[in-house]
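Naming follows writing order (A, B and C), and every chain is counted from residue 1.
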Amino acid sequence: MIVLRNIWFSYVDENYVLKNINIEFSRGITVVLGPNGSGKTTLLKIASCLYKPIRGEVLIDDINYWNLNEEEKIRFRRKIVYVHEKPILLRGSVLDNIIYGLIIRGYSRDEAIKKAHKISKELNITSILSRRTETLSIGERRLVTLARALVLDTDYLLLDDPIAHLHPSTRELVVDIVRSMKDEKVIAIATHDPLSTLKIASKVIILDSGRIVNISEPRNIIDKYILEY
Amino acid sequence: MKKFLMILIILVTITTVTTIVYMSVFGKETLRVLKVSTTTSLYVTGLLEKLAEEFRKEYPNVVIQFIAVGTGRALEIASKGDVDMVFVHAPSLEHKYINRGTLVDGHIIAYNYFVIVGPKDDPAGIKGLNNPVKALRRIYNAGVSGMTLFISRGDNSGTHIRELALWRKAGLNPIGQKWYIESGTGMSKTLMIANERKAYTLSDIGTYLKLKGEGILGRLEVLVDKGEGLINIYSAYIVNPEKYKVNYELAKLFLEFVLSRKGQKIINEYGRKLFGRPLFYSAYGKENELKELWNTLLEH
Amino acid sequence: MYTEIYGIALRSLLISSTATLLALVWSIPFTAKLISIRHRSKDIIIGIFNTLIGLPTVLVGLVLYLLFSYSGPLGFLELLYTPYTIIIGESILITPLVISLLYEVFSRAYNEYWELALTLGADKLQAYKLIIREVISDIFVVSLISFSRAIGELGVALIVGGNIKGYTRVFTTAIALEIEKGEFETAIILGLLLFIVVLSVILTARIIKRRV
C-alpha cells in the first residue's frame, strides 16, 4: 500500500501544484482523473518516490520512504515502477530496453531475455524485439515502455496515461493486461480519458488544480459522466 | 558527482595529451625567442621575414616572432613590455616613447618615400607636383567641391600620423568632412578602398608597389612622389631592459645584423627584381643626414 | 608554401579542439549543477549565457590582452602571443555557446533519463551510467558545433596570438594577413580549407544527430 499524507509540492518557489493531498493506493486499480495540469503526473511521481514532497509523508508498506537511507531507498524503489506518459526509450534495441531493469537488478542476461520474451508475447511485440528504438512508431514505443515496466513484476505499478495514442485494438489489449493483474498488485492509472479505464477501476480520484475534489467508487463517477456528456 | 569527476578526469587527460602533442609539434620552448612588434609595411612586403631568414642562417637556434600592427599599436605593445623590439616609422610618436623611457638603442634602419596616389584621371590635378602640401590643398578644394574623395588610414599608424602632419602644414583640417573618409584599417585595405572609390590616399611606397605588383590596384597610380615631407624613415628600437623583462642580448644581435653591411644590403636589394624599383633604401652611410631629417619630423 | 598551409591547418585544428575541450571541462560540471537548481534564477542565468553567445570576439581578445600583457595582472605567466592564450581566449569565447547547448542536452537527460533510470530501479551510479550512455553523443555534437565557432573566430587569435608565423598563425589570422598582402589567391585557398573543415565538422554533427 502507498499512502500519501498531507502532501504539498511545488516545482518552483511557492507555486504549489499539489495542495494537501491525502490518498491511499491499495490493491486493485485506482484511476486518477482530472484535466491537463491538474497535478495527476506529479501525484504519481510523488507516489513512486521520484519527487520528494515539500511537506507531507510518503509511506510505502507503512515505511516513510524519505527517512530511509540510500540503500533502503533503492530496495523500496525497486518495488515500484512508474511509466511516463511520454514513452522515453533508451538507445539500442527494443530487447535492450526491456531487459534494462532486470539487468540492473542483477539478473543474468539469459534469464532477463527469457522474461522479456514472455512479456513481449503477452503484449504482442515479439516481432519488433530486435528493432532499434528510433525506428518505432509512437504506439510501439508505448508498448515497449509498458513491457519494460511489466517485466519487472513489481508490487506497485503506476501508469501515466498508458493508453493515449494507442490504436483501439491495442488499447483493449493493454486494458486487459492491466485488469488481469488487478488482484495481485497495487495499480494506479492517471488519465484524462475515463471511458476505457473506469470499467476496470476499483477506486476513482478526481484532481483539480492540485486538490482532490472527489474520491469514490467508479459506479458514481460513471453515472456522473453519463449525466454530464 | 562521480560522473562529472570521471568526465573531468578524462577531459583533463585529453587536454594534457593534446598540449603535449602540441608542444612537441610546434614547441619553441627549446629555442630562444625574440618578439618584435612592427609596422605592417615592413612585414607585409616580406622584408622582415627575409631579414629574419638570413639572420637565422647565422643563429639557427633563434626564432624571431613578428607581430605586425600599425606603428601606434606596435609602440603601445612595447610600452606594456610585451615585445623585445620594435620596427616603426613615426618619428613624432617614437620621440614620445623615447622620452617616457620605453625605448632604447634607437637606430634608423631604412627609408623610402610616402607617395600620394590617386585615380588615373586625377580630378584634383596634382600629377607631377613636387610639393605634397600643395597637392593636398588641391585635393581639399576638389573634395569640397564634390569632385573627389580622400581615404585616410585613421588608425594612428605612421602613415596616418604623417598624413595629419601634412594637412597641418597645409593649414587645413579635413576631418569630419564628407569627402574625407577614415578607413580605420591597414595600408592595404585603405589602398583597396581608394581603388574602389577612385579616391586619393597617402601610402608608403613599399605597400603600394607590393599591391600594385599583385595586380589589384588597377585604377590607382602614383601622382606625387617628390617633395619635402614625404621621406619615410624606419627605425628600430629595443625595449628598455631596465623597465621590462626584455631579451636584450638577442634584440641587440638582431639590431646589429640589420644595421650590418649584409643586413643593409638585403634592405637595399629587397623587391628590386620583383617590382622594378626598390621598396626600401638602406640607411647605411647616410645616418647623419637621415637623423637630421628625422629631427625635422618631430616638430608638430 | 604548402608546408606552411599544412602547418596553419594543423595548428588551427589543435588550438581550437583544445579550446573546445577546455570549455567542456568547466561547462559540463557547471551546467550539470545549473540543471539541478530549483529556483527561478536558473532561467536568468541561462538567459545570460544565451545572450553572451553573441559576445564580440575582439572584446574577449582585448580583455585577455590586458590581462595577459606583461604589465597586466597575469603578465608574469608570459603567455601573451603564444598559442596557449588563443586556446584560453577561444575557450572563454565559446563557453556561453557550450553552456547553452549543453543546457538543452542536460535538461533532457535530467528530465527524462535520470527519472527513467530511477523508475526502473537504478541506483545513483547506474543512473549516471545510463545518462552518460544516452548523452555522450549529444555532448560530442555540442563540441563539434562549438569547435567550428572557435576555429572560425578572428578577434581573439589576432589580438592575443599576434599572428606569428609558424607559431600562432591560424586559418583566420592567416587569411587576414594574405588579404593585407594583397595575395588573394592564398587567402582564398585558406578560406576554402577553413570552410571545408567547418563543413565536414557540421556534417559529422548532423549525421551523429540523425543516428541517435
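Assume contacts are C-beta pairs under 8 Å (C-beta built on N, C-alpha and C of every residue); 3 or more make two chains touch, one makes a residue touch a chain.
Just so it is clear, the structure is predicted and the values come from calculations on it, not from any experiment.
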| item | value |
| --- | --- |
| Steps needed, at minimum, to go from chain A to chain B via contacts | 2 |
| Central chain (by mean CA position) | C |
| B-C compared against A-C, more contacting pairs | B-C |
| Computed distance of Cα centres, chain B from chain A, in Å | 75 |
| Between chain B and chain C, centroid-to-centroid distance (C-alpha), Å | 33 |
| Averaged-CA centre spacing for the pair chain C and chain A, given as whole angstrom | 42 |
| Residues on chain C engaged by chain B in the complex (per definition of touch) | 7, 10-11, 14-15, 17-18, 21-22, 24-25, 28-29, 32, 69-72, 75, 80-81, 83, 125, 128-129, 131-132, 162-168, 177, 179-184 |
| List of chain C residues in touch with chain A within their complex | 38-40, 112-113, 115-116, 118-124, 126, 130, 133-134, 212 |
| Chain B residues touching chain C - in the complex, by the definition given at the top | 2-4, 7-8, 11-12, 14-15, 18-19, 21-22, 25-26, 28, 35, 40, 44, 46, 49, 63, 65-68, 80-82, 186, 188-189, 192, 210-211, 213-214, 216, 244-245 |
| Interface residues, chain A side, partner chain C - complex | 11-13, 45, 48, 50, 70, 74, 77-78, 80-84, 86, 88, 90-91, 100-101, 104-105, 134, 148-149, 152 |
